[in-house]
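Two complexes, one shared chain (chain A), two partners (chain B, chain C).
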Partner chain A sequence: MTLRLNLAGAVSGLAVLCTGVAAQAEVLFWSTQARPVEEAQAMRENVLAGFADGVDYQPNEEGPWLTRLQAEIQAGSGSIGVLGALEGNFAAIDPETLVDLDELGVKSTSDTYNSLAMLGTDSMQFLPWMQASYIMAANKEALQYLPEGADIDALTYDQLIEWAANVHEGVGQPKFGFPAGPKGLKHRFFQGYLYPSFTNGVVRTFASPEAVTAWQKFLELWEHTNPASTNFSFMQEQLLSGDAWIVFDHTSRLAQAFNDRPDDFVAFPAPAGPTGRGFMPVLAGIAIPSTAPDMDAAKELVKYLMQPETQIATLRATNFFPVVEAELPDDMPPSVKAAGAAVAKMSASPDANPGMLPSGLGEKSGDFSRIYVDTFERIVLAGQPIEQVLEDQKKQLMAIMEETGAPCWAPDAPSDGACPVE
Partner chain B sequence: MSPRILPYLLILPVTLFLCLFFLYPFALVAQQAFSNGAGFTLDNFRDVVTYWKFPISLQNTLLLAAAVVPVQLALALLMATMVSRMERGRDLVLYVWTIPLGISDLAAGIIWLAIFEQSGFLNSMMTGLGLVDQPVNLLSYQNPGMVFLAIALAEIWRATAIMLVIIVAGIGLIPKEYYEAAEVFGASPWKRFLRITLPLLRPSLQTALILRVVLAFEVFAVVAALGGTLFPVLMGEIYAYQFDLQNGRAAAALALIVLAISIAFTLVILRVLRVPKGATI
Partner chain C sequence: MTATDTLPEAAAAPRKAGQYVYAASVALLCAWVIVPLYLLLINTLSSPETVNSFPKSFIPEFDLGSLQFFAGFEGMLVALKNSVVVAAMTMVLSITIGAPAGYALSRFDFRGKELFRLLILLTRAFPLPLLALPLAVLFIRTGLDDTAFGLALVHTTLAIPFAVLITFSLFSGIPVELEEAAWTLGCTRYTAFTKVVLPLILPGITASAIFAFVISWNEVFAAAVLTIENRTLTAFLLQTLGEAPLHLKFAGGFILVVPALIFIFAVRKYLFAMWGIANR
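Coming up: the complex of A and B.
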């Protein structure tokens, strides 16, 4: 046993040593994005291979990603050259530890994204890198059950519930699929879709009477939802296996379904509620930690990633869309075409009610999302009374908002100081 | 070298190693749990204990340990007595029985998930035999009992061997003379087990139980694979605090609570299964 442990230790030590040596010359790109093996491989072979100095692309889970970054910053020296992560991940980092990127002279075409990227300072702390959103997708077999008179590109929540009910009745099984698994992005549905569509807010309206209606509607939808949804995290898997016919998820978590069987599925905008068609963009960014070993190479890599050609290659690899002006070629993968069209329809719809990503929460982003996940678990899974749960969770939401002093973001009405929970 | 110094010299490397890689990090964790960045506080403990999931996860962890450990103890005793009677092929059987020990607990969880999930082996079998019309979703929030059963089964399958190994070694140490004497006096096999094997196994049972109970409080990967968020346990909450919420202080506080529970149970086991002074095999 001890011998085996020793051997294992020696071998892993050697392995660490080897990677350390191999990575010396290359820029270490430490990322939370493009984690699935195929995506990571596509990043290395099709996106980063064109960078002259060579890149060591290492995607990782968010926890280990942040742990290593913080360790390097605390130590005052490190090996990470460039960071890639979601806007929320950067918001949880002290802006002081990131290099100002204004001098590079590149930024995204969206002013909203650029101002988010300043993290409350006067200069760009990260650069918007790529964007995505959440959409709906359905198996074409489900289309026959669409309620009469419903337009799939302009559904309401009531029509969606009726549709899911029709399928449930027709097939005998609940076929709506919701990413409520441990790694699922359910909190974004509540923050960016359900709440804006019913209450025209996220924080202010958390415990409003409209919010109670929203949760009641969600409970109605849940009756026609596959109960195994609590294990679903990437809805493309359930679309492909047939366990779910109508689903909600992140565009890149639906991509495989469209790429594997493009003729079997349709993508369409999220439904609309009484206060419009709420939806939320997802923004990923790139940054350079102050401890980067080769600052010039890191800056070159950031510039390289922002070039239109690289952005299109990134789109092919990760299904995240460019943030700079880039002409999309015609031969894009089916997932890109389907998701691109759905996102375009969603943002161009007359009742569109775009929400921003939660901002200004800093290291409390996780706690903020936990409020919504807990509310879901208590109301929907544990069957606790809606009003009581909202009142209870409201106190914690208030505490977070007061502690961080984060002002309201769209669609909540602007606030002076911390966003109040009304 | 003086024979009085030698033992201390020999354990010195291990002691140093433990101090550096166990005691020092432990002190850091304890410090983290009691601080709020500025000074001493109990807020971290209050935060984790008042969180609505804490009582549920504590209850789940204790229930799981209470269900799994006795079954494992009984199974391990049974398997160990069987093995110790074998003349040939003993090693082979032991190797096969300890295979689950070599599998990571996450892999074990995934193996059992492949059995229990909606499109898994159990469902295919039941559909094939005509017991159900269509695959049923066994591991859903509507069947908490089933989720518990699946996790308990996976844990029993995975970790019984660790008790088995300790008990087999313990049985090997019991001198044959006792059994021969008992046979001469006409004791039945059951009586011999009860009056010779069990009492003389005390030290091994103590070790096996402590190890297993402490591990049961640390159950994590199997639960994560089979139960997801449906079956919160303490370790899963620690992980969530550390990695989802980036709240190292709360995670440290919860870790200390788990440590306190483990120490409490260890003391109880040490007391209940104590070997009387002067008694040797």
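Coming up: the complex of A and C.
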């Protein structure tokens, strides 16, 4: 009984505490980015606190994010002021429901990003907000196993496999880590790194003989990959725990390792294959839904987020880099320095083969990525013959390309109409 | 049965073995529940380095860093309050709607009774992500959107099958003769219910209220879509925890578990009473 009294006391005490924090008319920033607790906290305290009207920053998983947005649009009224999401999330939304942002007069410095942001219309549907990429990182203990003559900043896939094999032999355990877990971003490795590096394409060359080679190479690498990789989604965790010594992942998913123990890890560019050093950017954008309750405040917030100072604060908070001209100060966190240097080396390398984000797929972009994940699971995890799997998956890929009519994007050669699977 | 009756001395050994099996199962069941909670506690009270290292120590080092992070996390207390409010409303609503339905199912014969029992379970057959969109549209139009009451309605729908089926079996366990006896002694149908049946069934009702509480406490998707300012703790924390560093995952999980544990601990005697264990 006394316990219940105590409990009641505690609850009412909490209730009293809570009443002090009443909701006010802030702009609701509905985002799928900067979701991990620490990033969300940094967004609130260090990035958005400077906005005069106040911002209610609410990070969400993609399911609730999209459902809530669709509900508000269908109902014709809502509370979301500003949307933040990846380019692919916006591609899945009807551009009609987003406010045209041309009149704000702010843009990113990249024309490619700006044209992606039009979502196939004539005006900006979202604004490029911040960018990142995928890089490699390694525990310094692994460096002693680097193959002879290999330059860590200019590795090839063969050297990477040899390196992983050396570590495997030296330590007795496979120490390559790959984010193949349920929340891991493995499909981006295939779309933006493996395929461009071996086939100089993503869609056209999906089932080409070069693609077969690419998968064979990946199978070789997989032999030296920690088999628990199918549970890994954030390689910073395995770097820190020592389960993996050489890893591939999104820059912001490696950040914690560099920030916690900056002296223990190195970041370096993705490896190169026969057709160059394939790599892919990640682009996040901000938009305003047509149902925003306070349109002026929402537009002010978008402008605020595009200011160079805000972009640098965002970089500190999320490890996503600015998309506007912004001078980086010297006191950036270790993760930003390491990732920034690796991305710069990657894009400046003589054999760089940058790929674009898949575009024009609209709501099919999820299915598109699914094809690469399924191919991986069938070839690598289920051990099915490569040629047959590629032939099977090719049909589905063709169906998606024909249905969406999406033209080819780099590094695939341009196409008239839907990008063909050759 | 016959063997133990006729050969008491030969049965002693198996009985002793049976005791060991019994003790072992009890220990196993306790460990099943306690060990994960204990590991959660240890990792919550550990520094990030310890959380990432292996092997783990079984003694917490009382590093409060992870918990302190959440102490400064904006909106936690409001979310906790909302969770409690929504869970309490869900409890009340699911009992006031579910218990009469359970009573009707056990005491009256009507056409379509079996079908009704089946249909009640159907509310659990549709995944919430499917229902959330039309619900959210409806809620926005009717003004229920972003209110604790609206969310409690959704959670009640999820909790009602349990409330109905639990109270149904409880009412069925109370002989109708007891009620009839009360009627002959001057009770009306209503007073017979309140004076005779209700005291007998109270522990069971509490148990189904606990189910309702736990269901509401754990639900994420509807809470994430249907509330914005008035987020529940689960919606508020769980979505951001999935991608958080390990030590914060543990601390956040701990924060989510503790209030539910306190609640269940506070009402445990009703739960035990339903299972026929003496009230200690």
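Criterion: the second predicted complex is superposed on the first by the 398 of 422 C-alpha atoms of A that agree within 3 Å, B and C clash if a C-alpha of one lies under 4 Å from a C-alpha of the other, contacts with A are read in each partner's own complex, and residues count from 1 in each chain.
To be clear about the criterion, contacts are C-beta pairs under 8 Å (C-beta built on N, C-alpha and C of every residue); 3 or more make two chains touch, one makes a residue touch a chain.
These figures come from a predicted structure and were not determined experimentally.
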Name the contact category of A:S241: first (chain B only), second (chain C only), both, or neither.
-> both
Considering only the touch criterion stated at the top, classify A:E363 as touching first (chain B), second (chain C), both, or neither.
-> first
Given the touch rule stated above, what does A:Q74 touch, chain B (first), chain C (second), both, or neither?
-> second
Hey, is it chain B or chain C that touches more of chain A?
-> C
After superposition on the shared chain, which partner residues are touched by A:G63: those of chain B (first), chain C (second), both, or neither?
-> both
State whether A:E162 touches chain B only (first), chain C only (second), both chains, or neither.
-> neither
Pick one for A:R378: touches chain B only (first), chain C only (second), both, or neither.
-> first
Partner chain(s) touched by A:A92 [first = chain B, second = chain C, both, neither] = first
Chain A residues touched by both chain B and chain C?
-> 61, 63-64, 241
For the chain A and chain B complex, residues of the former touching the latter = 61-64, 66, 92, 172-173, 180-182, 226-228, 230-231, 241, 243, 363, 366-367, 370, 374, 377-378, 381, 392
Touching residues on chain A, where the partner in the complex is chain C = 3-4, 7, 11, 14-15, 17-18, 21, 23, 28, 35-38, 40-41, 44-45, 56, 58-61, 63-64, 67-68, 70-72, 74-75, 77-79, 183, 233-234, 236-237, 240-241, 256, 260
Okay, in this complex, where on chain C does chain A touch?
-> 48, 52-54, 69-70, 72-75, 77-78, 80-81, 84, 129, 132-133, 136-137, 140-141, 145-146, 221, 224-225, 228-229, 231, 237, 239-246, 248, 252, 262-263, 265-266
Taking the complex as given, what residues does chain B use to touch chain A?
-> 52-53, 117-119, 134, 137, 139-142, 224, 228-230, 242-247
